[in-house]
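Dropping the structures in below, format is structure tokens.
Paired with chain B in one complex and with chain C in the other, chain A is shared by the two complexes that follow.
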Partner chain A sequence: MKPTIVKREPVVDDALDQCEARLTEEEIEKVINEVIDKETGGRLWTYVNTCIHCGLCAEACHWYLSNDRDVSFAPVTKVKDTIWVMLEKKGKVDAAFIKRCSQIAHTECNLCRRCGMYCPFGIDIAYMLLVVRRICAKLGMVPLYLQDTVHSHAATMNQMWVKPDEWIDTLQWQEEEAQGYVPSARLPLEKEGAEIMYSVIGPEPKFLAQLLGNITVIMKVAGLDWTMPATAGWDNSNMAMYSGDFEIMARVERLHHETAQRLKVKKIVMGECGHAFRGAQYDGPTWMGWMKPPIPIVHAIEFYYDLIKSGRIKIAKKAEGPITSQYPCNVIRNAGLGSKLQYIMSAVCENFVDLIPNDRHAFCCNAGGGTINCGPPWKKLRVQSARLQSENFKRTGAHTIVTPCHNCHSGVEDIVDKYKLGMHVKFFSELLIEAMEIPEHLKPKEEEAE
Partner chain B sequence: MYEFVSGPLVWLAFIIFIGGSLYRIYKMLSDCKKENVVFPHMSLKHSLASLVHWVIPFNNQYMQKRPIFTIVSFAFHICLILTPVFLLAHLVLLDESWNISWFNIPDGIADWMTIVVIIGCIFFLYRRLTDPVVQNVTDGSDYLLLAITALPFITGFIAYHQLFAYKTILIIHILAGEIMLIAIPFTRLSHMLFFVFTRAYFGSEQGHVKNSKDW
Partner chain C sequence: MSNIESWDWEIKEKMLAEPAKWKDQFEDVWEPYISPDGEKIASIVKIGEGEFNICVNGNTWEEPFEKMWYSRFSPDGRLTALISKDMEWTLAVDGVALEETYEYIWETKFSADGKTIAAIVRQESGYGILVNGKVWECPIKLESIASHVISSDGKTSAVIAQTVAVAEADVNAFTKGSWSVVVNGKPWKDNYVDVYGLAISNDGQRFAAEYRNSICEYGIVVDEKPWNEKFGCTWEPVFHPNKSDEITVPVRQGGQWLLATNGRIVWDKGFFSLLYQTYSPDGNNIAAAVAPQFAKWTVAVNGQPWSITFGECVQKPCFSPDGRKIAVIAKDSGKWLLVVDGTVLGKDYDNIWQPVFSPNGDKVICKVEKNGKYAVAVNGEIRGNDYEALWNPVVSPDGTKVMICGVEGGKYYRKVVLLSDI
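Right after this comes the complex of A and B.
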């Protein structure tokens, strides 16, 4: 098979460059064969030997479509240039090859699984590229910024180096903010036996603390019995799942679930994040052999759906003007919450303009799968390769794009910025807090407000 | 020569085809047991749902977007499977040696079905030569598979019309058919065996585990 023609602007990523200089071919061969023998089975073999090389999956991938159909971005090319070679050469490849593998698997694929849906055999290319990431991670070939988040997970059990006292301070501060709206609102820490444990991702206390205030108000208005942990285990995000460091991934997921068990809650409700749901619901439990999470996990979309549908939260004033929404792959295509997202969007927006394609066929924002966490060196190509989705947003004519996923939020902000869409990017809870009815008895009294 | 290729070699080809196919499927299933996800994720309902959406033409979004490819692909595969199984000439041979027979397609129609398969192969060849994505993942083996698929149909057609050297062509035809049968379990033509399984797994994973759909 002829080598793929790859045209890329050179990117300097110190971690990849140093790893390339350090790796020996014996080490590479050993790790590749170890992972393939011990961690894969019939699936990988069947996928590789069933693929009829028809190229139909190309049409699914936003990388390929956004880059003027550059074949080096087609899903089947991504496996041709990585795992096919590893299998064919039985692991006898060099360090430059592994570096290219990391570039493909970590920075040029979002593991969004759209291509699997477009292959007539249902061959899961994203799974194969995750195997490639796994091999890269075991060899230490992980982009610098992504690896930094993994270090943070390992050292602090959260993604953003948030210290224990910062966590608690942020929660207390946000409780006070929430009390500005609803004086009786509380953010209960460590309440054993509460019905719900609410968990968020590391960047929330770090950069988007107001979301914690929002949920405090929403929980009060809905009259729910909830709590948040004061200890590590509050962070539900998991970048180790995406780097390929499954040992650390498992530690993070285990702690998250065990924290919920310690608090004896009935369910975990998580904030608006796609990959966190994936890790807690699927990748973590399957890697650890639990298969299913021990305590049910509810994503924010479903949570708000239940609250609005049951009338626990009433909508007083719908948001005006055309508003659209990103469909985060990890909770839509890969968790089936599409129609619930449409329901809550229509509930809080006067004019919800849907994307085309929508629901499970919607395109990834191109930030997911850890690609945005690969950091500044890789940003240019990433945003350039989101061109297609930028056109889809533009066509809606919306003034605001809702992103019920943190990765999407950052990714869509990059898109809006680069393609000059002039749109706002908001989380769903930000719309909800404006739209929902706050019952009279919960509102601040006149005197108190002064 | 004719006796040999139309006697013992046919036996051998079918034994290798059936035995090899069973072995391949057995091997795949036992290798899948090594993984902790495959079997616990399977669900009959979602496997069937996936198959229903992918073996009926235009029953999923992607096929609707590629009408020409979908029509060619379905016509190709339907004729490819039905023609040899219901061809009068084949059934006559079967009847002569084993005394069993079943419904046959009239020769005139079978002839056209053969042409459809040949056109399908030409279409796939054309894509392979012109579509950049397909080109990039093509090597000798892909052309070989196309040749293995096309040859029994081309030679069968020539033999049926007795265009030239009937006896030789017939021998070549039978050999080509045997090669194709033998190739199925051991090349990527095994997609015939695995299609049901890869679809069932992806359908189950999407439907049963991920609460979504795969069409």
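Right after this comes the complex of A and C.
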């Protein structure tokens, strides 16, 4: 095979550089062969041997399209330059090669699975890149900020180094904030036997605490019996799934699902996050040996769909002007919630302007798959490679982009900033809280409102 | 449960409170808790803006507080709550708040007799454990406490704590180890990358935990000394009930889960998954939830899986007092089931709580939920009334009676029924 011509600006990532200096070829060979022999099987070999190198996957990839069809960004090139070499050389590769593998698999692919839809054989190319990530993770070759996030998961069972007391304290604070809108609102902690356990991702208590206040109001208005844990197990996110540290991924998911079982709830409702849904619904349970989560998990899009469709939440005043929405890959392409997202957007927006392409065919925000968690060193290339989606946003003429996913939210903010789109970026719950009707009996009394 | 012999096992039925009426008295009434002997029912109540109290059998504590949460009865029947006063937090017991206050306090735990009450606190000097009103003395600043355990005699408490401060994104410092175990304020000598699953022996003398030394290298450390063996992953260790030098742990090797005792693999079979290893009361047998294949869950006893499997999950197994029977809650096709010795008993339910056996093991009693109502089920079949709220049934020490506490028609009842009658 001809070597790929790769043109990249140099990026300094201390963790990768230090790992490159430390790794031995014996260690690399051992880990590659261990992973290939013991953690993969017919799936990997079928994919590798079925690919006819047609390159149709390239036209599906926003990295390739945003970088003027530079073939080094094509999905087929990403597997050609990583797992194919590992297999061909039976693991006899050097540390510089593993470093490049991490760059490709961790920082230049979102595992968004759009390429798999356009492969004539349906090859799940993202799976192969996840195998590459797994090998890199076992060798310690993970970009610095992604690894730090995984360390946070490992130490605290949440993504943002939130300490147990900070978590509870934040919930109690946001309960008070919610009571400013609806005085009788309550954020019930540790309520065994509640119908719903609501779980969120680490950035909510850390940076976006108002979202916890919003859900407290929404739950009250919808009249739902819900709770949140006051223990670890509250965070449904999982960057260990994306670094390739599957043991930590499983530990985090196990705790999340066991917390729901301990609280004896009927279902878990999770906030607006795509990768967290993937981890909690698919990857985590699969590693644990569960066909599906022991307690069913419902993504925010589906939850809001049910509330609006059933009339539990009524819309009083729709948001004005053109508004569009990002389609988070893990809940739209990979879980089929596209039409429900369109429904709730139309329900709360006067003028919902859909993206083209949309639904399962929509492009990734280019923050997903853990790439945004690789941090500042990799930001420039990441945002540059989201050019295509910036153009799609621009064509909508929207003043606001709704992102029912935390990674999308941060990634789209970067896109709006870089390409000077002049658009706001909001979570769906932020629109809903403005649009929904608060029944008279729940409103603050006049003197309280004053 | 403390002094269970002295509880009232004679009066067949007592109506002790009318919690439904509390809703008319207070702005908000939170979910109730009951004392272990069933004599008291309590709810945190909101009495005004920034004013909370706790209502026990219809009577409130003398003093309200700005905030209250985590109301829990101790095993000896004292009611505790975490309260905030003048923006500071502390513990209140039976209406009396400790004089000392803290920046924050959480996770109240009790000794078996209830005489020792412990909780985690944050204060200016770092994190610590409050034991009966006094915070541990610890020679180092604890940066965080992930969890704590207390011995059943209350004499010893231990935590998983961050013992070294690590700067943001300093992955090198983190991988050198910044977490350890602290016992009664004394930190273990070594730090680890991570520490999980801290367990304490029944005699309160020994401690075991999982640790992680690198991305995929896990081990077990017992009283500061790591096992020689390393594994690809581990789950929480469990002590033998009577021998504090025997520790059993699920470990992952070669892509499958095995059971190890003191570092040695003791079951000859590996599983796709293995969780919740549980010793029989005499310690002679071990049962665990296992998946021999993906999504086929069952219980293995001494390594031998039951032939019946369940598609969704199996929870922690429970031995009868004589150790001859095993009950477990399993989930299949969206419904919860009670399974005893490999046979499903009775009907399926929307929820089943942890079962208890009668002394001779012939009856398995548990709280179940069906269509939003709660009931007591014996061997999987509902017996008696539906309840709006219900607590786990308790078998009397002589094994002849069962205490059933629940709310019916807005009234809280404590009932004692003959085991032979249900």
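In the analysis below, the second predicted complex is superposed on the first by the 450 of 450 C-alpha atoms of A that agree within 3 Å, B and C clash if a C-alpha of one lies under 4 Å from a C-alpha of the other, contacts with A are read in each partner's own complex, and residues count from 1 in each chain.
Just so it is clear, contacts are C-beta pairs under 8 Å (C-beta built on N, C-alpha and C of every residue); 3 or more make two chains touch, one makes a residue touch a chain.
This is a predicted model, so every value here is computed, not measured.
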item: Superposed partners chain B and chain C on chain A - clash or fit; value: fit
item: Which of chain B and chain C A:242 touches, first, second, both or neither; value: neither
item: Contacts of A:277 with chain B and chain C, given as first, second, both or neither; value: neither
item: Angle at the Cα centre of chain A, taken between the Cα centres of chain B and chain C once the superposition is applied, in steps of 10 degrees; value: 120
item: Contacts of A:154 with chain B and chain C, given as first, second, both or neither; value: second
item: Which superposed partner A:63 touches (first chain B, second chain C, both, neither); value: neither
item: First, second, both or neither for A:234, with chain B first and chain C second; value: neither
item: Partner chain in contact with A:303 - chain B first, chain C second, else both or neither; value: neither
item: Which superposed partner A:289 touches (first chain B, second chain C, both, neither); value: both
item: First (chain B), second (chain C), both or neither touched by A:334; value: first
item: Touched partner set for A:378, first chain B, second chain C, both or neither; value: neither
item: Shortest span in Å between Cα atoms of chain B and of chain C, once chain A is used as the common reference; value: 6
item: Doubly contacted chain A residues - partners chain C and chain B; value: 286, 289, 291
item: In the complex with chain A, residue positions of chain B that touch it; value: 27-38, 40, 50, 54, 61-62, 65-66, 69, 73, 127, 131-139, 142, 188, 190-191, 194-195, 197-199, 201-203, 205-206, 209-215
item: List of chain A residues in touch with chain B within their complex; value: 1-2, 4, 40-43, 45-47, 49-56, 58-60, 64, 69, 71, 74, 76-77, 80, 116-118, 120-124, 282, 286, 289, 291, 332-336, 338, 357, 360-361
item: Touching residues on chain C, where the partner in the complex is chain A; value: 27-28, 30-31, 67, 69-70, 103-104, 106-107, 120, 122, 144-147, 162, 168-172, 174-175, 178-179, 193-194, 196, 212, 214-216, 218, 232-233, 252, 254-255, 272-273, 291, 294-295, 297, 311-313, 315, 331, 350-351, 353, 369
item: Chain C partner contacts - residues on chain A that touch it in the complex; value: 15, 18, 38-39, 137-138, 140, 144-145, 147-148, 151, 154-156, 163-165, 168-169, 172, 184, 186, 188-193, 230-232, 245, 247, 250-251, 261, 264, 266, 286, 288-292, 294, 375
